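Per-chain residue numbering starts at 1, and chain names A, B, C and D are given in the order in which the chains are listed.
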Amino acid sequence: MTLRSLIQRTGVVLGLLVLAACLFYIGKGHTLLLDTNTITIDGKEFRSLPSVTVSVDGKELDFPMSRAERVMVDVSGPEHTIVIADEADAEKKVEKNFTIPTFMDRVLVSIPAILGSAPAEYWIAPFTPDPVDHAPAEKMQYYKE
Amino acid sequence: MGHIKRFAADFGLPRMIIAVYLLGLFLMAPMTGVSFSGALSDVFTRIGMNGILVLALVPMIQSGCGLNFGLSLGVIAGLLGATVSIEMGYVGVWGFVFAILASQAFGAIFGFGYGVLLNRVKGGEMMIATYVGFSSVMIMSIAWLALPFKSPVMIWGYGGEGLRTTISVEGFWRHILNDFLSFQLAGHKFPTGAILFFLLVSLVIWAFFHLKIGTAMTAVGSNPIYARASGIDINKMRIISVVISTMLGAMGIIVYQQSFGFIQLYDGPLYMAFPAVAAILIGGAGVNKASLTNVFLGVVLYQGILTMTPLIFNAVLKLDMSDVIRIIVSNGMILYALTRKTKVLK
Amino acid sequence: MKRLRLFFIENAVVILFVILISIAIPASGLPGKFLLQEILTRLGRSSFLVIALLLPIMAGMGLNFGMVLGAMAGQIGLIFVMDWKIVGIPGLLLAMLISLPISILLGWLCGSIMNRAKGREMVTGFILGFFMNGVYMMFALYAMGSLIPVMNPELLLSRGYGIRNVVDLASVRQTLETFIPLKVAGLNIPVLSYLFIAAVSAFIVWFRKTKFGQDMRAVGQNRAVAGAAGIAVDRTRIIAVIISTVLAGFGQIIFLQNLGTINTTNSHEQIGLFSIATLLIGGASVTEASICNALIGVILFHLLFLVAPMAGKNLIGSAMLGEYFRQFVSYGVIALALVLYEWKRVAQDENSRARLRGGRTDVP
Amino acid sequence: MDRIKAILSLRGIGKRFYGNRVLSDVSFDVAAGQILGLVGENGAGKSTLMKILFSMPEIHETGGYEGSILWNDREVRFKGPSDALEAGIGMVHQEFSLIPGFSTTENIFLNRESLHKSVMTDIFGSRIRALDRENMTKLSQRAIDKLGVPLDPGMLVKEMPVGHKQFTEIVREISRDKVKLIVLDEPTAVLTESEAEVLLSSLRLLAAEGIAIIFISHRLREVVELCDWVVVLRDGKKVEEFPARGSSVKTIASLMVGREVETQEQAETRVYAEGKEEPPALSVERLWVDMPGETVRDVTFSVKKGEIFGIGGLAGQGKLGIPNGIMGLAPAGGTVALHGKPMRLGSPRTPLELGMAFVSEDRRDVGLLLDEGIDWNITFSAMQVQNKFLKPILGGLFQWRSDGEMFDFANEYIRLLDIKCTGPRQRVGNLSGGNQQKVCLAKAFALRPDVLFVSEPTRGIDVGAKFIVLETLKKYNSEYGTTIVIISSELEELRSVCRRIAVVYEGRIEGILPHTAPLSEFGILMAGAKDEGPKDESLEENLRNESLRNESLKNESPAAAVGRSER
């Protein structure tokens, strides 16, 4: 085996590994938990609007979210766009991009934080299910992307 | 030292590993609280159950037809014999005897056709046997749906079609051999009759290979060209071996059923050949050579592993890996035999 | 006239099945549009697996019963992807990438073992499939979740280790079929699946034209001559099996994403049987097979698959009968192909004997 | 030697196989453009010599060779056949090494295909490159033109006539750019007369282009016609080399088959078959046998009761086909009568039941059960055909094998024939060739045959065993009056035990000679040159001297045992 072929072969293997990593990165599925609960950041309280329509990556939820609700949405990849509009006033619309760390499986997305233009690092948080779930079970709705 | 090495070479490494493994299992039995005598009784029951099916492989191996993966054909003949016997309403010993006689008739017919086919595909017998076996099982499945059996024991009760998938032989000839002369061995039943029957059939086969015709059959397997030059009709010998093998398969499955208690129809016979093949190979047989020693050793080792593995594994690891181990051991053994360099490759 | 006869003899299997199906379709009473849609879907689902069988046939190793090894590799890839929650097309591609090294390793193993059993590659591959199934079960049922970390508890059995019997592939389910939606005359066309099949077909066609392909053909026709000419016979055979195994792994991923679930312990078991039967029904033999045979085979086999139970029910009043008949056909067509192959081989031996007699043929 | 510069010189080549000397001190030269005919009986060492030239693995594995090979004046030691090919030496084998489903072009360039470039070469190796078929066709057409034969580059080999296959093989060799020397092993054996003509003229064409050719053939007429120079090998030695022009088939044949030997001792042992006018035990009329490589076309002869009859001839001429056909091992037709009663041909059982037996030339495949013991091997035929070694049980319903009788019988023959073994139960596969042959003889004797065929009784066995085998045959003949037909490639052997010897050529009996006939006559018959011109006197003389010189040598170094397998 010549050095040239050794280099090229190593290159192919590395290329495949990089490809695998890329696929992992862009294909990694995340479960978003869109949350309209009131959130307090640095002593400042953010409240959601009474009713908002939310769409993630161009897909709108079937029905608007009121306060203190949590909705699950499956997405894939790191980059996402969220559009939040006031149900009462369609003009009042917020469109934001956010990035999910690759290894964060379940992501709590705080609608009030985005609406209230809180610093971007507070928009999302890893979600670890507690033994007692905050959101009432009957309000959980499952969406498939 | 050289002696031991020679013995090891003769005995074969895989066989040795399996024997040591089985021995280990038996030694562990008392430590794990597994009932030793119960396990032993279980092993013997299984030997009596499966022995003849393993024995059925010998004639075809000896005549050079290879491993009879088409044993399911014999099993089908046995199923026909058993169902016909039940349909006729024979009970007890007579039911059993009739089942065997009927199955032998079917076995002879199937075996003849099968033998004629195998003679035309010399060299490719094993794969063809497998798939001929498989397709016959499926044809028979259609037949089980269509055959006009009437016995209420066998047909679906609630207006279903054809025969049941499993038919109980309770009340006909369940344990007819197992219970014959059986005695209690430390609180567990020893299946004397089944073991005796297996030995008896083995004796007949042993005698057969000491006759002129059996000698000729062995020579055909060893070197068909030599046999032909000595005036032997190779094709005839091969057909006879296939017929005997199929008939033994038919008998074997009935003995199996009397112990098991059920007749399994439809897909039941599909993979019947594989454990038998694995057993005889574990016993040290080759693709072209098999002896009764191989049969005995093989059936003891194989059934021993099958019985002991789940017992010990469950007791020690709380883990039932017996299925996986069975699959790996039996197919590994067949693979080993297939890839081994055999001297006579005809 | 003679040519017509020859055509019938050479395509006897295909013609037989065409006749069989043309009787069974009206008997089944299934609507034509339904059948057409099903066939379009199944072409996309199964063709890749069937095409995976072609190279070993070219290399003279017969029907690669060892392809189930590739299927296992594919399933392992999918299980990992499910565990890591990689979704959609990237998930499928990643599953293929994961299966790749496993397939290569298993293919190498399979090829090496077959090289030790020259002349009985088929039965060896067949048994090897069973054997590796044991190893696979060990891996899937005992190692996963204990030795190999599994993050997603939904995949595991309740006892805490071992993959569940059924793995839901919801996140990749039918992504190939729906990625490029196309509807023609009310029928869904799985465009991307077809592109995959086109790609593998192109690969096979191209591969035949390379030196690898030429060597494989040479090895397939006469090992001794090829070896004497300096072709690395064993290596060439192993490469044929490796490629077949890798393709079988990809094929299994495509197959399963269409079905949407994996039966952990037995999704792969029947794949070898069905793929081989499919190829043979398409008119292939143990020594010759083409992409055409594969595609025709898929259409005929699956038509039979679809209509046999209904036809059985309508004709004889038993759906089970159709089911058994279908299985009989799968096994029977393999048995038939093997018998024909052996007959041909015996005839060829006779023929080459006759040729040795020399140029003069004045023997009375 | 006053010839032009040699491109290949063999200097004192010798070779031993497992202690058997098969070649000793062979030297000759080949010059560019020269056609050298290499002739010799089977086992004379031609094949071994060529194997040494090509440095086949089996030569290394058995300890290499003696002497040196000079290629273009430099000593070479090729590491393997590919090295020799690389250096420019090509070989056309006897059996076709062609892929049936490939075209002429594909076969010519097998594993030397011209390839397109590919960017993936470094990753997957050069085999990933696609074939440049256009270029291949062009090159193969060029090579075909060079040979001047009517070959179609696109035709599949399986659809070709035999001759074209041979041409394809030769084109393959000359298509190599560097080829300087081509070895042709029996190239005309499978060709028709006209095809052979085409081949010979194309070989002349090649030679004219400066390519040297070593032409190995049993067809001596072609050798005389085609070659510039002839080298005769016998018993592993070079007997003679001389220009082909001016020599004749007869002289070459005589040189090949050996020397005149007629000792008193041999004449004495023949007494048993002299005199009495016995009726024929076996008469064969118009026999044909379809045996691959040994076709018998039309053979008629008869053997007297109690006679030891010899059948000789070169390999491939059909002498082996005769016993195989009569014994039903190969498809045959014609009339064979035993003691005047015609016998049905085609089933091995018939002749056995009528009291005939056969010791096959193919010990391993036909003669023995290698995996069984000596006792089984010896007694099996007698048991199956004549119901010996059996005990009736259950009132004769079954025939029980009597292992004890078999054991004793085997023991007796082990003693009689001096079979070296650990006992009657030893696996025959573990015995040496000579002892295996003795087992084969014992198997035939166990049948107590009336007529016994023994085919190549001494092939591949050592001197001691050879002697015992031949002596046993003679003894058996004189003790039981058994009619024996010995088929052998070794004329000397036949002449030492038989009274009459038939020589087979091209599937026919070319003539039957008494053992006393001069060697040259045998040679002429073997070469199929009955009606050739007058003898070449000077060479005849030469031959006589040669034979006297070699006589002593012959006795101490038995003919090549291993090389004998060549056909």
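In this section, contacts are C-beta pairs under 8 Å (C-beta built on N, C-alpha and C of every residue); 3 or more make two chains touch, one makes a residue touch a chain.
The structure displayed is predicted, hence computed values, not measured ones.
**Q** Please work out which of B-C and A-D is bridged by more C-beta pairs in contact, and write that pair.
**A** Top pair by contacting C-beta pairs is B-C.
**Q** Can you work out the whole-Å distance between the CA centroids of chain B and chain C?
**A** The computed centroid separation for chain B versus chain C comes out at 31 Å.
**Q** Using mean CA coordinates as chain centres, what's the chain A-chain D distance in Å?
**A** Roughly 84 Å, centre to centre.
**Q** CA centre of chain A versus CA centre of chain C: separation in Å?
**A** 41
**Q** Using CA atom averages as chain centres, what separation in Å is found between chain C and chain D?
**A** The answer is 48 Å.
**Q** Find every residue in chain A that makes contact with two or more other chains and list them.
**A** none
**Q** Would you pick out the residues of chain B that each touch at least 2 other chains?
**A** none
**Q** Where in chain C do residues touch at least two different other chains?
**A** none
**Q** Just spell out which pairs of chains touch, all of them.
**A** So, checking each combination of chains, I get A-C, A-D, B-C, B-D, C-D as the touching pairs.
**Q** In their shared complex, at which residues does chain A touch chain D?
**A** 2, 4-5, 8-9, 12
**Q** Using the touch rule from the top, collect the residues of chain C that touch chain A in their complex.
**A** Interface residues on the chain C side: 84-91, 93-94, 97-98, 100, 151, 170-171.
**Q** Can you check the complex and tell me which residues of chain D touch chain C?
**A** 82, 97-102, 106, 110-111, 113, 115, 118, 126-131, 162-163, 189-192, 195, 288, 290, 292-293, 295, 297, 333
**Q** Mind pulling up the chain B residues that touch chain C in the complex?
**A** Within the complex, chain B touches chain C at residues 69, 117, 120-124, 126-128, 130-132, 134-135, 137-139, 141-142, 145-146, 161-162, 266, 274, 319, 321, 323-328, 331-332, 334-335, 338-339, 341, 345.
**Q** Taking the touch rule as given, give the residues of chain D at its contact with chain A in the complex, in rising order.
**A** Interface residues on chain D, with respect to chain A: 121-123, 125.
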